[in-house]
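In the two complexes below, chain A is the common chain; its partner is chain B in one and chain C in the other.
Let's look at the complex of A and B:
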């Protein structure tokens, strides 16, 4: 008997607001998924619907073998539920010392989480979220407020995840992890672009570096920086 | 209601009528039933329930210690319904247009801009509050009194950060005072009808009905 596969399926899911709508259909299997789209296209709304935190205007979501799920909101302040950094770590069920050392915030245990800069708070929040394994992990704009170095570290951390579904909702174009499938929201509809590198042909939000490498006859295999470097090396022989 | 000038004037007149007397409140409630989307409004604005609970609490205290609690509750509930209608009909830019129309390009523009910022802040705080509650749900926490302090801090922190961003943006753009705007308003016939009815209600609210019935007897 095989290991049960986690899977989340969106069946004609849609959300409607005053003059705006979003519709989504598709299956997210185990692995890392990227959902791209313009600002205001509905990425956060889709993330909230997949996390069952926002009622659907129609359709339904099937969750198979998903027992634990987590959504990281775009703005880390909104997750703050404690008055000190140590208490905030504890509220995520993680040991403060380990996490604070890992994100370079040692000595700020007693500080208010809101006294940290947006970047520091985002680092702390993501470290707390990624400290545990979830069957479904939804990351809404995880790269916002992070500098290049931290974005690279985050990509590496996401790449280490060996189980479950991880969906990244972002409009980041430069520093991304290797992904198993690419999706995008175009004109209020979720579109399945497919598996990289074939997905690049249909991906409207394709990063400029991929377009350039493809034009030079050396498309990358995936969307991480290592893949870009490998494609550049191919050009240079 | 399309014309924001009539809408705001009507809301002020109806709130006054509802506050003056019980018969005024009853007439305003009838106006609310006829001229607004009624229950759709109540569904859309969830703050109403908590507001009504707060009014109910104060009404109960008033009833127990001095009397008149029921009358207070009825009148205030109707005023909340009118406020809810006004808030739901408000569109971005209307306060700016009204400010300029009333007081011109300098003081009017500034007043309108401040009112617009206030409205934007209110919407942002409501959205933040929704997200905070979702974030607590994500952590498996219950919404309780203990959550109020951190949630309040996050809301205040967010509001201050937005205010600072706006101030910086205005300073960077070299804003000093006033501004130019040509306000445009669209008035439908129904707006005028609703406005006339609201004035009739105010007059009705001012009539001492009980004395009229004494004379009749």
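Let's look at the complex of A and C:
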């Protein structure tokens, strides 16, 4: 008997608000997915709908073998529920000492989470989220507030995930993990661009670095920084 | 010139610094002192010791436009038009002038369609655009931008970059984690643990960052581009 596959399918899902609308259809299989789109295009709205935190204006969402799910919001302070960093870690069911050492916050157990800098709070929040495996993990702008080194570490952490669906909603263009599929929101509709590198041909929000490397005759295989550096190496011989 | 001498505030210590007019971009790790320095430039914080002067005046005596990465922390009014108009209303600018300036600024930022919206209904990126419009509408001498670009798409960033360059501000001081943005600067400062360890044009600074996450990937392509 095969291992049941997790899957989430959007069937003509849509959201309507005044003069704005979003429609989405498509299947998200196991792996890492990237959703790009302009400011206000509906990325966060789509994430909330996929997390069942926002009622659909129409359509339906099928969830197969998804028993655990998590949405990481764009602004980490919206997740804070405890008065101290240690209590905040405990509220996520993780051991404070292990997490705090890993994110460079050793010695801040008694500090208020809201007294941390925005980068520190984002690191703490993401470490708590990524400490567990979820069948469906939705990350809304996970790279915002992180410095370049932390973005690289986050990409590595996402790349280590071996199970479940991970959907990244982001504007980030330069430091990204390898992904299995690329999506984008264009004119109020979710578009399936496909699998990298073929997806680059249809991707309207393709990062400038990919456009440039393609123009130089060395398109990257995927969208990670390592893929970019490898493509540059090919050019330089 | 913006000059700092023996400037100390919290973890930040700068013995001597001169910033010429133009776009100055600050890069570095979280906690390295970037935002602290921006707050001093904007007059939001006052040095523990030392001085920071903008053309021989204190920051609090200078017209400043300030954008926080988390604009919710600075937004005062319920709807977008009122928020952008607020710096002009505080100055008792005539109503017809306010109206035309707000609309021109919103047009430049590409957010005319948002003017009647409630701020709380906007996305994170839209709120940044509104904050930027509010910072620019009174034509500040100094524009201070704290990681304003971390919630924006490439299209919006390109539009904003144009808006910043044509804003008329003598000094734009910004921090970013987008090295493709940092490339397009007149001056670059690299902060590490509260100190400025590299300063100069992008051409001078970036080669020292090769091999780090701060080295722009596209930088390597510049040398292999066909003539």
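Everything below uses one rule, namely that the second predicted complex is superposed on the first by the 237 of 237 C-alpha atoms of A that agree within 3 Å, B and C clash if a C-alpha of one lies under 4 Å from a C-alpha of the other, contacts with A are read in each partner's own complex, and residues count from 1 in each chain.
Throughout what follows, a residue touches a chain if its C-beta (ideal position, glycine included) is under 8 Å from a C-beta of that chain, and two chains touch if they have at least 3 such contacts.
Fair warning: this is a prediction, and the values are worked out from it, not measured in the lab.
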Quick one: on chain A, after the overlay, do chain B and chain C clash, or do they fit? Just give me the call. clash
After superposition on the shared chain, which partner residues are touched by A:117: those of chain B (first), chain C (second), both, or neither? second
Between chain B and chain C, whom does A:5 touch in the aligned arrangement: first, second, both, or neither? neither
Contact-wise, after the overlay, does A:236 reach chain B, chain C, both or neither (first, second, both, neither)? second
Does the superposition put A:171 against chain B (first), chain C (second), both, or neither? second
Identify the partner contact of A:195: answer first if only chain B is touched, second if only chain C is, both if each is, neither if none is. neither
When the two structures are laid over each other on chain A, which of chain B and chain C touches more residues of chain A? C
Under the stated touch criterion, which partner chain does A:156 make contact with: chain B (first), chain C (second), both, or neither? neither
After lining up the shared chain so the two structures overlap, which partner does A:71 touch, if you call chain B first and chain C second: first, second, both or neither? first
State which residues of chain A lie in both footprints, the one left by chain B and the one left by chain C. 75
Under the touch definition given earlier, write down the residues of chain A that touch chain B in their complex. 48, 51, 53, 70-71, 73, 75, 77-83, 91-92, 112, 114
Interface residues, chain B side, partner chain A - complex: 128, 131-132, 134-139, 141, 147, 149-151, 153-154, 157-158
In the complex formed with chain A, which residues of chain C make contact? 27-31, 35, 69-70, 72, 121-126, 128-129, 147, 150-156, 177-180, 212-214, 216-218, 220-221, 224-226
Residues on chain A engaged by chain C in the complex (per definition of touch): 17, 36-40, 43-44, 74-75, 117-120, 123, 141, 143-152, 171, 173-175, 205, 207-209, 212-213, 216, 225, 228-229, 232, 235-236
